[in-house]
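Okay, structure first, notes after.
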Amino acid sequence: MNQRNFLFAVLLLATYVLVPAVFGDNNYVMGLIISALIVAGIAIAWALLGNLGGMVSFGHAAFFGVGSYASALLTMKLGWPVLLAMPMAGLIAVLFSAAMLPALRLSGPYFALAILAYAQIFRILATEMDWLTQGAKGLSRIPTLPVLFGIDLGSRSGSYLVIVTLLAAFIACYAWVRRSHYGTALRAMHDSEQATRVVGVNSVMLKAWMLFLSAFMTGVIGAFNAHTINFLEPDYAFGGGWSVLPIVAAIFGGYRTLSGPVIGALCIYLIDQLLFKSLLPTGHQIMLGVLLAAMILFAPDGLLPLFRRRHA
Amino acid sequence: MLELANVTVQFGGLSAVKDVSLRMGSDEMVGLVGPNGAGKTTLFNVISGLVKPIHGRVLFDGVDVMHEPDYKRARLGLGRTFQIPQPMHELTVRENLVVAQRFGAGRVDAARIDEILELLQLTEQAGRDAATGLALQELKRLEVAKALATEPKLLLLDEVLAGLETQGKRLFMEKLREVHARYRIGILIIEHDIETISSLCPRVVVLDFGQIIADGTPQQVFNDPAVIRSYTGVEHA
Amino acid sequence: MAELILQALYSGLLNGGVYALMAIGLALSFGTMRVINLAHGELVLLAAYMAYVVESRLDLSPLAAIPLAMAVACAGSALVYLLVARIRKNRELNSLMLSFAIGIIITNAVLLIWSGDIHSTGSVSLQEAVQLGSLYSMRSELYGFLASLVLVTLLWQWLAKSWYGRAVRAVSSQRDAAKLMGINPAKTELISFLVAGLLAGCAGVALYSSSVIQPSLGHALTVKAFIITVLAGVGSVPGVLAASVLLGITEALTVTLWSSAVQELAGMLLFLLVLFVLPNGLFGAARRRA
Amino acid sequence: MKQRLLWTTLAAAALSLPTFAEEFAVGVQIPLTGAQARAGTGMYEGIQTAAELFNKGNAKHKIKLAVVDDESNPAKAVSAVEKLAAQGVVAFVGGFASNIIGPASDASNKLGLVYMTAGGVDNDLTRRGYKTFFRVNNTRGYEKAVVTLLGELGVKSVSVVYSTKEATADLAKDLEAALGPKGIKVSMHAFDPAITDFKPIINKIKLQDKPEVIFMSAYENDYVGIIRAAKVLKPEVKAVIGVWSLATAKMAKDFPDLMPNVYGTSMLPHPVEFKQAEGRLFAETYKRLFNKEPDYQAQFGYVKGQLLFEAIARSADAGTLKKGGLADELRKTNRDTLIGRVTFDASGDNPNFQQRIGQHQAGGKIVIVSPKNEASGVAVFPGLPW
């Protein structure tokens, strides 16, 4: 076992055992960490689309909202078990993302804002289709995560284990794609799409796959959130915050790295809630804005690469 | 193996290629010549699927590929290079070839990649960043290497020899002959220099104003009065 | 029914005028620098708050705030430009994120300074009903529309005739070629951002005079302005006005013929439709976007 | 500034205490930023007033407020509840919108702590049957108020303009269901909260519905837009009626020419004329603390705080506070308050709740005009802002 793997094993152990052991009794801290990890989950999905697919999205709330409503409705109306409904919600988010395929032809800001338009459209549809979604009133009393192997996944520590596992799976999947030939081809497509196509790469298809994968991840995270907060309404489920915060987190941590989005999300969320909020009770998000602007100006690759460079 | 039938391309009302028909066999090496703006590159773009003709057909290996997108044509065996080299950015030279092989040929074969690198004298540069770490000559060789890695049946080379000094050009020509012989593939090559093309290709096609004005051995073609007129520009002056 | 539709068309037309004031600055800075200023809506909002300050503190008409609003929006726009111009790496994404961050800062600064209360003009004369035949509007809306017509025409002429205008157009189509012609792209870009700021200032005053402002509004304004920019296509000033009116009328007709709950839906669908079917926008110069 | 004021008053109160006073921490989870910041802030000021008055009039028990801003976000509201619970609060008071009160009171119920609220009017909240959940107002109380007013005015047709937000859409639909059987013609117009030009809607009402009354279930910014559009198009109606955040002194001051004769729910007339001594004391204290007139949010905040603090004192006296007796003690509440009689049923709802309706009248006054027995003046009807 080399040093890197050893470090990784220690980190994994600490994540799974140490965190719940230390903070397990403190619902507040666990709650904050879970909220931060939810943002981290979307941030990974966003970074995957941004880094591998080369597409910046301003509307990941669309997938998040669809995933959360899908899982809530599957469990409430059809009586599906929560743990089955969650992956299904991811697939339904993929289904909805298929409606965005025409947007893949668009570049840069056009794609970003087209996805934002989708998020708005989905929000309005969720409000208008009240026979299914109960409209603006929203859904309450959504089932919580079940008890599995004697662990109450609905408890704070249990939910923590679920979200950590989801994140680990996402990162593993992301790492695999990135290392594969698909990842190499995707990397090549950013600045040289035509050159990549004429050697046989179906660039649109690859991008579509990244969109699907990103939508799936975000949908599953949305479903997880629905079952932990037990409540949904269109303005909340499709709220701009689900699009914005993960972007800030991913950029902050370094969106081209695997762990950057997670570290970014933890930093941003915890600093904001524990520090900025006590310094500036109203409008503390101004500090987030300042932080983001400073990062882009002075460390555009994010925190993680900055840190690595210093220690290289 | 390649057959163009009555291909016509228009850009904003102007015909770039007019009613071009052409056949070439699987082991031929054909030169495509003509003055600037004659439609040579446009013809390449039609063959490789980057430009849609307003009418006409492209058959490859007896199959109509008109409705196949560019990447599928690459997989079918149509490899091409660009006049201005287009390496795949953010990738090393070797990765360029790996992607081309994996997606163009549908398989991974490191030995063959080594062989191509060796053949095009890129072994030393294999680990360099393709977009930023290569000189122009190396970039041109990488263009050919990438196309070869897709294991094509027909190679479309767009001015790969232009801009090279005499020594480099002779070397490259040898490489092309070697490629042609070793992999038994057809080559259609755009080249300006009459001398070069005459020594390289047993058959030459001349394009002017989007139309084929001559097709034959270099001897026949370059003695054709129409070709001479177009080359000396008598009519255009 | 005819009367309903006529009034909807009229309302949509007047709204479109104010939309155009908001969008044209964004379109201009996007055209020259290929940078979408995601803080543009927040600048408009900031200008609107200047009108509020002038009206509530100095007891003057909001119209008297135009110079102050223009100055503040110009300064903000110039600041965005100077910061964005510092970005070297991955400009497209990073400039989006940077201007977005500036937007967050402005929104929260407005919240901290003026709290979350809603504000709008109290001026009786601006709110007065104006009747044209069987068509009704508020006086401020009519003013806003006329101001928009005048400013758009001026801008159009300026871009077409003046040296700077030609420079702006040159830089937006061919930055490097423009450099060879002795045009300083940085200066030209700064000028286009300043002009965008001036227009945002007017838009802010128009906004305060005809509708209700609150701190969280800025982002929605940016999105609307961007939608119009896409509808119009890059590089056409009258196109922006036409696209704004089209959006305004689409919205008003949606309310009249269907339901006001889906007004935003109609705008978004129009946006996507144009984006997918006419990649150069309705009036844009032919240029591929993908 | 407000916080410093509070601290000074708390400190002053602490100095004057007999040393044996027992102090209880009460958690306040409320929106101070985000979409519901305005309402949340008003309500928080009312709660602070209740704490101030309680501490002054009660030598044996002291209430200490610990506040966390929920940023109008459900996850952060849950965090707030958990954070406050970890600090050892004995109960919660707060919340504004139902969608946030829901998850927050779920969390407090899990912790076995009482959650007292006044904002969220959604019926689903009380359908959960929590023993720990209490609420002094509900949609039904607003609906009753509007139905009563329309009855008293003898209105036969109404056009409802409502925002597709949770509380506004809820009320509009409940009202539609309640008015239909009474033979009143109702036409519904939903609008997206993002829209600003209401002329097309008002024109539909003017030319197609031709109702006697326009009813708005919306928020401040929408009211301004709707009334402006109505002033421009002048539909032939007899009254313009809204709900929350409309019949307030602030609206009268900010939009003096839009408000005349407009109706809205309001517990208090303006200038405040309290009939009982308690009301006068509340208004004086509020004015001293915050240097402005109390509005209806402050009043709800005050009542929910007051009832909770009193129950805490009773429960502490009975020695049941630490044993989960607070909920039982709170359920025994039966008293007249600034918002009328309050009792709690098994689900924690206040069945007596009925809003009152105020009307903006001459001189920037707000006069309570309905129900008749609570009225402080006579309705101007027909009466319009134009």
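Letters A, B, C and D name the chains as they come in the text, with residue numbers starting at 1 for each one.
Assume a residue touches a chain if its C-beta (ideal position, glycine included) is under 8 Å from a C-beta of that chain, and two chains touch if they have at least 3 such contacts.
Predicted, not measured: the structure shown is a model, and the values here were computed from it.
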Nearest-to-centre chain - CA centroid comparison: A
Farthest chain (mean CA position) relative to chain A: B
Contact-richer chain pair (by C-beta pairs counted) among A-C and A-D: A-C
Where chain A and chain C are represented by their mean Cα positions, the distance between them in whole Å: 32
CA centroid of chain C to CA centroid of chain D, Å: 37
Between chain B and chain A, distance of the C-alpha-averaged centres to the nearest whole Å: 45
Residue numbers of chain C (touch at least two other chains): 111, 261-262, 264-265
Overlap residues in chain A, where contacts from two or more other chains coincide: 124, 127-128, 282-284
Residues of chain B engaged with two or more neighbouring chains: none
Touch relationships between chains, expressed as pairs: A-B, A-C, A-D, C-D
Residues of chain A defined as touching chain D within the complex: 26-28, 31-32, 35, 38, 124, 127-128, 135-138, 140-141, 225, 229-231, 233, 235-236, 241, 273, 277, 281-284
Chain C-touching residues of chain D, taken from the complex the two chains share: 33, 35, 37-38, 41, 164, 189-192, 194-201, 203-204, 207-208, 220-221, 224-225, 228, 231-234, 250, 254-258
Sites on chain A touched by chain B in the complex: 181, 184-185, 187-188, 190-192, 194-203
Complex interface listing, chain B residues touching chain A: 48, 50, 69-72, 74-75, 79-80, 82, 86-91, 95-96, 98-100, 102-106, 108, 131, 146-147, 149-150
Complex interface listing, chain A residues touching chain C: 50, 56, 102-103, 105-110, 112-114, 116-118, 120-121, 124-125, 127-128, 240, 244, 247, 251, 280, 282-286, 288-290, 292-293, 296-297, 300-301
